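Chain nomenclature is as follows: A, B, C and D, assigned in order of appearance, with residue numbering initiated at 1 for each chain independently.
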Amino acid sequence: MSREAVLNLILAAGFLVFPLWAWMAEEPFLITLATRAAIFAIAGVGLNIALGYGGLVSLGHAAFFGIGGYAMGILASHAQTYTPLLEWPFLVEGTKSMPVIWIVAMLASALAALAIGALSLRTSGAYFIMITLAFAQMLYYFAISWPAYGGEDGLPIYVRNGFPGLNTLDPIQFFALVYALMLATIAVAALVRRAPFGLALNAARQAPERVRAVGISPYRLRLAAFAISGTITGLAGALFADLNRFVSPAMFSWQTSGEIMVFVILGGTARLFGPVAGAALFIALEHLLGGVSDYWHVFLGALLLLVVLFGRNGVVGILAGQEARRG
Amino acid sequence: MSLTLLVEQILNGMQFGVTLFLTASGLTLVFGVMGLINLAHGSLFMVGAFAAAATAAATGSFLLALAASIAAAAAAGAIIEVGVIRRLYARDHLDQVLATFALILIFSEGTRWLFGSFPLYLSIPDALAGPVTLPGGIRYPLYRLMTIGVGLVIALGLYLLITRTRLGIRIRAGEADREIVAALGVDISRLYTVVFALGAALAGLAGALVGAIQSVQVGMGEPVLILAFVVIVIGGIGSIRGSLVGAILVGLTDTLGRFLLPGFFRLFMDNSAATSVGSALASMLIYVLMATILIWRPTGLYGARA
Amino acid sequence: MKTRNLLLAACAAALIAGSAAAEAVKVGMITTLSGGGASLGVAIRDGFMLAVKQAGAKDLEVIVEDDQRKPDIAVQLADRMIQSDKVDILTGIVWSNLAMAVVPAATAQGKFYISPNAGPSALAGKGCHKNYFNAAWQNDNLHEAAGAYANQAGYKKSFIMAPNYPAGVDALNGYKRFYKGELAGEVFTKLGQKDYASEIAQIRASGADSVFFFLPGGMGIAFLKQYAQSGVDIPLIGPAFSFDQDILQAVGDAALGVRNTSQWNKDLDNPANKAFVEAFVAEYGRLPSLYASQGYDTANLILSAMAKADVKDADAFRAALEAADFDSVRGAFKFGPNHHPIQNIYVREVIKEGDVYTNKTIGVALENHADAYAKDCKM
Amino acid sequence: MAEPVLAVEGVCKSFGMVRASDNVTLDLRPGEIHALIGPNGAGKSTLIEQICGGLEPDAGRITFLGRDVTGLGTVQRARMGLARTFQISALAMEDTVIENVLLGAVGAAGGAFRFLRSALRDRAFRARAEAALEQVGLAEERWMRAGDLSHGQRRALEVAVALTLSPRAFLMDEPMAGLGASGSQRMTGLLRELKAQAPILLIEHDMDAVFSLADRVSVLVQGRVIFTGSVAEIRAHPEVRRAYLGEDA
């Protein structure tokens, strides 16, 4: 087994052991913290498919995170007020069922990612960064000024949505659910990576003209990658909304896009478990440094800077080193 | 709606655009020459504003405050170029984004550490206070007219700098190929420090000029940064001319959109619904503009064709 | 000298309080201490902690955390305070959107939430809760007072303006609820907008006799400076948020003479207020702001309830809070049926005292004013 | 005479005032190696891009396998069986050799929208890739990263990727460039083998290789084909000697 595989196992196990320990020690907040990190990790796993594998530097993934969040918020708010979502042309009721919400969230973000991707992928480089940001900003301002679902005030959901057979209000059970989804999305990412699709996507990042020359369109590869990426980030958004029992336009803000990107880069771009390491480290830092000083952002900034300047390939890169990958 | 009001709004749009140009020009210069995405540009804008406010409070002189804003931002720019930025030129955009994002955190909270959480006072000098009457009976604030003037002078200055001076030749050569420049015996790293400090100084000056009619507070840089990026992307990254055109386009679109859209929706909606829909659309308008332009021309208006 | 007496008195009060409630009460304060909106959170915290210090209450433990003005961080902190720190009472949130994220869940878990600032209408009307108290105002209150003041001042044609987000919409609705004249124009600006040339031109062209605006924070600073430069001299009215002690210094001359509405001012003539202003200046070396006064009142409200009841006895403690038996710095203060204040709202004018810009109370806009949503509240 | 596999007829392309392709006509017949030579700046790269579909000609037409492909893009022409190698190696340098070759196998199978199975474990893909590596002599290096290969090995890898496509025609852009004498020799041998699989349009500077491999040679000067003929005819042609071989004597 390569060093990276060992590290991945340790990360996966650590992510499970820590909340279990917190559960035994009756520190429910630490479980919540771990849940939060796991959700951000899912968002990062999503972005990593576009950014790490496809080389698509999207500064607009908050769009999908937010769409996922609002899918949950809208469905659940209609369910809690017993008002139908749509009466015409056919009746659509809200729902408090997590699986349904997840599917809607993923479908909605997949469609949005297809639309945004189809337009944005006409550009490249810094222009791509900025056009994805532009689309997220449009949704941000729309969400702020759209009064139906709370506008800037956001939308509180009073009770966490349900999952058959589980009590989702119990922190450890909700964590277990999120953890399982995190592993599932990582498995999807691994599958995508090793499949012919991932092989071609990876090649398209490095040598698009070569991919074209073997009869594969890089544009379509990238668009599909962007859609898969947006779908997973959308799922994370729905989970995040359920964790907080609240959605607001802040989920669409460019800072959110930036943070998801930080998780990926901090952990190690294009590394399977990079987003997991990045999100865990970021949340841990936020938690530990936040208590030290009002000005803890200075230390966070300095630390990020050190990682970028001296630790290429993020945390996973530092720990696992540069190893040739094997499919 | 009177014609005078429309003309005044167009003037407002121009003025807003020129202020945007002040911030965007430094960003596009750095981006064009070094290929660097500098998210911390907004922080340099803030440094300029804070330096100006502190100097104005200490000396009472607006001119000294402007000088201080340029000096402080240029110094901050030179320091971060030597300390951090120059290690990023060879890296990809991702590392640049992350590192300069980290710089934002450090600058913002560092400034709050030094100056506290409360907004600072910075106002325009008495000589420039109040409105003047323009031909056609429009009363327009003198300071805003002056900002338009300063912006245009800087645009001209940058144009001359790049086309007519030795430094400009080196900058253009550096854009083309840094190895050629190095081969010509130019100290490329000093050149980059100078260019970066120049970009920072422009941002600092913009911060002081804008801060005097807006507000000087921590966090003032980020909204400006986003707008500046919108401008340079519309104009085509690296093109000074593009950033001027882009800035004025964004300024006009934003100002006229805010002004005209609610009225447009009033034609077929009730008053308060029109106001709210119109304003919502107006706030998204510049991003719609940017996306449309990029879809039409993927490298901006004056960007190099891929 | 005076401060010391006050402290002694507070200690004595604390001793009495200590005898009534034996167990320490834990208060979790979630407020904005970093980033752009930090000045408000800092003021609330400083006011609150001043009251705690004055009371010398040993049985009160306050945990202060920074929410960075992000709803998700606020929720996370609330979860932590409830789950790990086991707080009894939450307070501190500055912004309506953060309050909406935290309050419903916290009160549903049986915790008390005392708001020192935000008062969204959803929490005052249908969404009210027996464990939610607002010690500041319902969001619409100051805007309603501005509308009432416009009538008193004889304005017939107002131009009204606010950012396009729920609090902005509420502001304009609040103003219109009391204002009886006609509107010369109604404009929603972009949230966070810093250039108001376009709006000022519209104001000039509108033929209005008064301008009502609600632009909190940096937006207000920018608008006031630009308005002063524009040569338009239509009188301005606004809620106190843009004329707060901490902001005024950054606006300077541009704010002089502007009338604004507030439930508090530093010159309100009551002993509690005099003592508060003096103690605040002595402690922090600056004049207290509106937010500081609200933080101070919030703390004193909690202390007054602690003196009467044990926080573990929720019903008794709630009754003690409802009584609001403390000396508010705004004078008379009581809660309405939806746990929002019934209080006077004053009209203030911005003046310059020596080198310091501040406000002077010039009249009362609304007396014993309650909010419009109380009737929808069913507890 | 057999129907040509690839035909360029009267193709013109200008960039501003520069005529990069000036009424170019040439064809590639089954079983041959047709070499295209010309000095730097003669318009070879522009012509290749037009044949591959990266650039659209201003006038003229290009047919491949009897079909007019002038309006088709690179991807479609590649799918029809036009395989090219690049002058400057265009490989996924971070990936292993086998992954680079697998890419060709994936392309040949008609698209990359397969998600479920690992590309490396897919028998059909793997067999095709291994065969190509075997043929160019890179089987031993299959787990090396492309970026760690020597220059000559990269040139061979380029050819291997083209091979996996089972093409109907090869278009090789200076496969000998930068190879030493022994490297050139090996590549020459390889191309001679490939000719049996599909005809090769060979753009090359290495005259020894051209003269030993080519069945026909076309000379491109200033965007025009000034001569097409056998190796012997080319050697003898005075205009070619003057224009291209630079012999003014």
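Observations on the model:
Convention: contacts are C-beta pairs under 8 Å (C-beta built on N, C-alpha and C of every residue); 3 or more make two chains touch, one makes a residue touch a chain.
Just so we're on the same page, UniProt names per chain: A, B = Branched-chain amino acid transport system permease protein; C = Branched-chain amino acid transport system substrate-binding protein; D = Branched-chain amino acid transport system ATP-binding protein.
Just so it is clear, the structure is predicted and the values come from calculations on it, not from any experiment.
Using CA-based centroids throughout, the chain positioned farthest away from chain A is D.
Looking at A-D alongside A-C, one finds more C-beta pairs in contact between the chains of A-D.
Rounded to whole angstrom, the centroid-to-centroid distance between chain B and chain D, based on C-alpha atoms, equals 49 Å.
In whole angstrom, the spacing between the mean C-alpha positions of chain A and chain D is 43.
Chain B and chain C have centres, each the mean of its CA atoms, that are 35 Å apart.
For chain B, the set of residues that touch two or more other chains comprises 108-109, 112, 276, 279-280, 283.
For chain A, the set of residues touching two or more other chains reads 141, 144-145, 147, 295-297. Remark: the chains found to touch one another pair up as A-B, A-C, A-D, B-C. Note for the complex: chain C touches chain B at residues 33-36, 38-39, 42, 164, 169, 186-192, 194-195, 197-199, 201-202, 204-205, 217-219, 221-222, 225-226, 229-231, 246-247, 249-254.
Across the complex, chain A is touched by residues 31, 37, 84, 87-88, 93-95, 97-99, 101-106, 108-110, 112-113, 226, 229-230, 233, 237, 276, 279-280, 283-284, 287-288, 290-291, 294-295, 298-300, 303, 306 of chain B. Put simply, chain A touches chain D in their complex at residues 191-192, 194-203, 206-207, 209-217, 220-221, 224, 324-327. Those residues of chain A whose C-beta lies close enough to touch chain B in the complex are 51, 57, 59, 119-120, 122-127, 129-131, 133-135, 137-138, 141-142, 144-147, 254, 258, 261-262, 265-266, 269, 295-298, 300-305, 307-309. On chain D, the positions that touch chain A within their shared complex are 52, 54, 74-76, 78-79, 83-84, 86, 90-96, 99-100, 102-104, 106-122, 125, 143, 145, 161, 164-165.
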